[in-house]
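To keep things clear, I will list the structure first and then write my remarks on it.
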C-alpha cells in the first residue's frame, strides 16, 4: 500500500538523488573509501540510530518524531538508499529519563558504531547526550524547536532556535493587534524561560510594550485557576504562552471555561502544534494563534505529498506538527551531506553540511547555516475547531542566531 | 497516709480525658517499697490506662507522678524505663524469632544508645546475668529455643524475665496470669513474691484467688476513679466494691 | 492594588473564591476513593491515579462510540459515560482486590508497593491500547464555556459541574456508609475485624466491595476531570501526590477528615498561587502540608479508637 | 581478626558468596566487558549504595522511605557543583556575558557566583559535604517524624512528598541549580579527565571497592546488637521502647546512615555518568530504588546489590529489544516479588537447599483466609 501511494514522491526523490549524482547501484563507492573511521557501514547497508522516548511521560511528544524519521528513512531506502546503501535503523528507547538517554547514546556510538543518530526531544535529553556525542565524535540530528544558546560540531538542529520563533511572531502580533501589554506564561524549564527572556527583551526594547506578568508552572501542573484570575485582573493585550505537556491541556481547557476565548482575548503560543491540539481539543483553542515554522495545512506541493505519505503510513487520523516535520528533515539532510561529502565519516559530513539546501522540505526551502541551524520561515497559524491551523502570515527566511546579541 | 520516701512512687490527682471522656480522674496512688500492689476493677475501669500514664505511653492531662521524688509527667518512655520502671503488656510482647537467650540479652541495659549498640559485646557477666534470670523464670533449659514456640505461660514469664534483666525498681504487670493453667498461676505467684523482695510490683489482675495470694495492698478502680483501697481483706468486705462486682 | 477599581477587585475576589472551591472539589473527588480504601484497610492504593485515567479513557471511548454510531446522543452521553466509568473501574477494582490485595492485608507497605507495580502495568496498557498521545473526548456543548454573571465576572461551567458532582458523590457515599446495611458492616469491620467476622460478617466480601467502591469513585473522578485536564497514559500520575496528601492529612478516621483537608489544601494552594508565582506557589503549598504533617502527624481527624 | 570475621559472616557459605561476588565484579566483569558496558555496571552499582541503605532502613527496621532519591541527589549535586565549577574556568567560558560562572547561571542572567556555591571550589569540602549534607538533612527529617511516631504508610507518603518538593525546587530555581536540564557537561576532576577510558576503569574499581566497604559496614551493623534492635523495632516497637531504647533516635540514626550511603552513591553516579539532573531524584527513581532492593532481597546486603544489577541489566537489555514489554515485565516482576517472594532473590537462593517443608510454609502464608490488619509487617524470616 505504501509503495503505490508514495510512488509519485519516490520518482521525484529518485530524480533528485540522480541529479545529486552518486546514489545508484552501478557506480557505488567502495566501503573502505566512504568509511575510514570504522562506522557500521557495509557494502549494502549503513546503520543509523534513533533515540527517542517510546515510553514514559515524553512518549506523548516524541511519537511524531519517531514516525517522521522512520518515514523519511523508508522513502530514502525505497529510492536507493544513501551512497547505494540501505539504511538500517537501531531504535533505542530513552524512556523519558535523561541518564538513560546518555547511556543509550553511548551504546549507539560505541557498541553499534552507527553512522548518525536521529533523536532527542527535550533540551534536557539533548544536554545529557551532548557530551557523549562530542567525546565519541558522533552525529545527532535534533528535531525540536529549542532555546538556542548552543552550537556543537556534532549536532544539526533541524528545529528553530528561539529567536527565529519568537521575534517575527511578536512583531506580527504587535502590528496586527496593536498590542502593548503582554502576559508571559510558561512551563518551568529552560526552553520557556529562555524564550520568555528573549520575548521580554524584544517587547521592552524593540516594541516598547510592557510585560504585565511572567510566570512559570511546574511541568505537569493541572490547576491554573489562580493564574487565570490574575490574567483577568491584569487584562493584557496578549497572552504569550509556552506551556507544554499535560499542563497544556489543563491550561487551555480552564482558560476556555473561564470565558477567556478568542473573541475577547488574543493569545499567541509557541508551544502548541497539531500534536498538542489532539489532546487539548480544537474547540478549546479556536481562534488562538501559534507561531511555528510548519503547519500541517501548509499549501505547497512538497507538503501535500508529505502529508499524504504520512497518513498512508500512520493512518488517516494521524496529525503532523512542527517537530514531526523537523524530524522528517533529519534523514534527508544527513543523506544530502553524506552524498555531498561522498563519505560517511563524521568529520567529512560536518565539513559538507554548511550551505546544504533542501528544496523538497515540506516546510518549503531550507538551508543549513554554518552554525548548524536551519534558515527557515516563521508562520502564524490561527487554530480552527477541527484542530488544523489557518496560516495567516509567513515571514521571509530568518537567519538562525543561537547566541543573539542584546537578548541575553 | 505516709508520703515519705518509703514510697517509691507517688501518684496524685492523676487524670486523663479522651475527647471529654475522663478515662482516669483524680487518681491517687502510693506504692511502698518492696510491696506488691494490685489494681483491680471491672472492665473499662481505667486500670491499663493508669499503667499507660505511669510509663509515659499516654500523656496525663492533670496531676503528678513522682518516682523517688522526681516528676515523671512529660518524660519520654525510654527515660522512664531507664530511671527504673519496667512494664509488661497484657499480651505477651517478646521477640518471637529470637531465642530466649537473645530476648534476655537484648533487654540488658548495657549499650542502649546507638553507639552503645554498635560497641556491645557479650561479656561473661552479661551471659551469667541472662542465665540467672532464666533460672528465676524457669526457662533455664530453654535458652536456645526460639521464643515464638514457647507456651503462652512461658512467654509471659519470658517477658517478666526481660524486665528483670533491666533490674528496675518498679515492675508493672498487666494481667500476668491471663490464659495460664492453674499450675502456671501458682508458679507465677511464687515468682512475683520472689521478685518483690528487691523491688516494688504493680499488678493488674482479675483473678481474685491470685490477687489474694500475692497482694500486699489492693486498689479497686471503677469508672476511672478509686473505689476503695487497703488490704485484700478490707476491700473485699467493702460494700461499694461488692456492689460493683456483683452489679456487673 | 490601587490601580484596580473596587468592582474589579470584588469580581476577582469572587472568582478567586470559586477557583479555590473548584480546586477543593477536584481534590475531594480524587481523595474520596483513596480515603475509603485507606480508612478501610490502611492501604494506600498507588494505582489510584491509573484508575482515574481508566475513568477518563472510558469517557473518551464513549465519546468515540457516540460520535460514530449515535451522534444525536451527543449532548447526553457524558452522564452515561460517568456511570459507565464507575462500573468499569469498580469491576477492575474488585478483580484487583481478589487477585492481589486480599493476600496482602497484613502487610500495608507491601500493598503500597504491589499497587505501584500494578500502576506500571496499567499505564503501559493504556499506551498500548490508546497510544502514547493524549486524547480528548468531545464534550457536550452545555459543559463548555462560562456563566457570565456580569462584566468581568465569569464562573466556569465545568468547574460548577465538578463541584456539583463532588457534592453528589460525597452525599451519596456518606448516605451509603451511614444509612445502608453494607455501610454498617463496613464500619463494623473497620472498628473490629475479628468481632465482625465472629458475628457473621463476611469481612472478605466487605473488603472487596470497599475496594471496588473506592476504585469506582476514582473512575468517576477521572471521568469528571476530562472537562478540566488531559487524558493520557500517565495523566493519573499527575494527581497522585495531591491525592495522597489529602488523605494522609485528613487522618484515617472519617470521610470528614478528607473533606476538611481537601478544603484546607485547596484554599492554601489557591491563595499561595495567587500571590506567589507558578512553581513557587506549588512548592510552598507542599511545604506547608509536609510541615503540618510533621507537627501533627495523626492528621486533622485522627482515629479515636483506643490503641493497643 | 577471626572475631571480626565471625561478626561479619554467620556462615561459611555467606563469606564464600561475598568473595565470589567480589571476584566477579573486580576480575571477571572488567575482563569480559568492554569499557562502555563496564561503565554501565558501575552506574548500576551506584544504586547499590541506596539499596544497602534500604536493607537497613526498610528490610531490617521496617521503615519504607520513598524519598531516597533526594539523598542520592544531594550527594550527586554536591559532586556536580564541584565538577561544574572546575569546568567553568574563565578561559573555557570566555564567550559568556560573565565568564567564570557555570553556563546555566549565565543563561539566567546571574552575574555572580551565589555564596553557597563558593565552598564547592574545594575538593575536601565537597567530599565532606557529600557525607554530611544528606545525613544531616535526613536526621532532621527523621527526628521530627520518628519522635512523633510517624511510621508505616504515613512515612512513605511524607518522604514521597519530600521527593516531589525537592525535584520541583530544583526545577524552579534553574539559575542556581541548572533546573530540569541538570548540571551537565562535567569533564575533569582536579584536572583528570573523567571521561577517558582510563578514568572510567579507575572510577569503576573505586565504586566497587567503596560499595563493598559499605556492604561490610552494613553487615557489621546487622550482626551487632544494633542490627538485632532494628529488627526488634520492626517487629515489636513498644517492647523495644519499654526496654529503655530511644526508638526515635535509633530510627533517625539509621535513616541518616542510609541517606549518607545514598549520597555517596549519588556522588559516584555523577563521576561515572558525567552529569546530574533532577530526573534521578524525584518520585519515580526513588520508588525504583525500592524495587531494586525488593527484587534482590530486602533483608540481604548482597541481595540488594544483586537486585540493582539484575533489574538494571534487564532494563537495558530488555528495553533495547522490546521497549513496550519492559514496563509490563517490570510491573509484573515487582508484584510477584512483593506477593510471593518478599525476601527477593536472596531469599529464594537461601531456600534452594532446604526441604520441601519450607516451600509449603512459604505458600501457606498467602492462604490465610482471615486477613488481619495490623500496622506491623509480619515477621519475615530473618536469616541472612
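For clarity, chains are labelled A, B, C and D in written order, and residue numbers in each chain start from 1.
Following the convention adopted for this analysis, a contact is a pair of C-beta atoms (placed from the backbone, for glycine too) under 8 Å apart; a residue touches a chain by one contact, two chains touch by 3 or more.
All of these numbers come straight from a predicted model, not from anything done at the bench.
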For chain D, the least number of touch steps when starting out from chain B: 1
Centroid-based (C-alpha) most distant chain relative to chain C: B
Whole-Å gap separating chain A and chain B, where each centre is the average of the chain's CA atoms: 75
Intercentroid distance (Cα basis), chain D paired with chain C, Å: 32
Geometric centre distance via CA averages, chain C-chain A, whole Å: 37
Chain B and chain C: spacing of chain centres that average the CA atoms, whole Å: 47
Touching two or more other chains - residue numbers and ranges from chain D: 168, 171-172, 324, 327
In chain A, residues with contacts to at least two other chains: 54-55, 188, 216, 218
Residue numbers of chain C (touch at least two other chains): 124, 127, 278-279, 282
Touching residues on chain D, where the partner in the complex is chain C: 62, 64, 141, 144-145, 148-150, 152-154, 156-158, 160-162, 164-165, 168-169, 171-172, 283, 287, 290-291, 294, 324, 327-328, 330-335, 338-339, 342, 366, 368-375, 377-378
Residues of chain D that touch chain B when the two form their complex: 221, 224-226, 228-229, 231-232, 235-236, 238-239, 241-247, 249-250, 253, 379, 381-382
Residues of chain A touching chain D in the complex: 54-55, 91-93, 95, 97-99, 102-103, 106-107, 110-111, 122-124, 127-128, 130-131, 135, 147, 149, 188-190, 193-194, 197, 216, 218-219, 403, 408
Footprint of chain C on chain A - complex, ascending: 54-57, 59-60, 63, 188, 214-218, 220-223, 225-230, 232-233, 246, 248-250, 253-254, 256-259, 261, 275, 278-281, 283
Touching residues (chain side chain B, partner chain D) in the complex: 55, 57, 76-78, 81-82, 86-87, 89, 93-98, 102, 106-107, 109, 111-114, 116-118, 120, 159, 162, 166
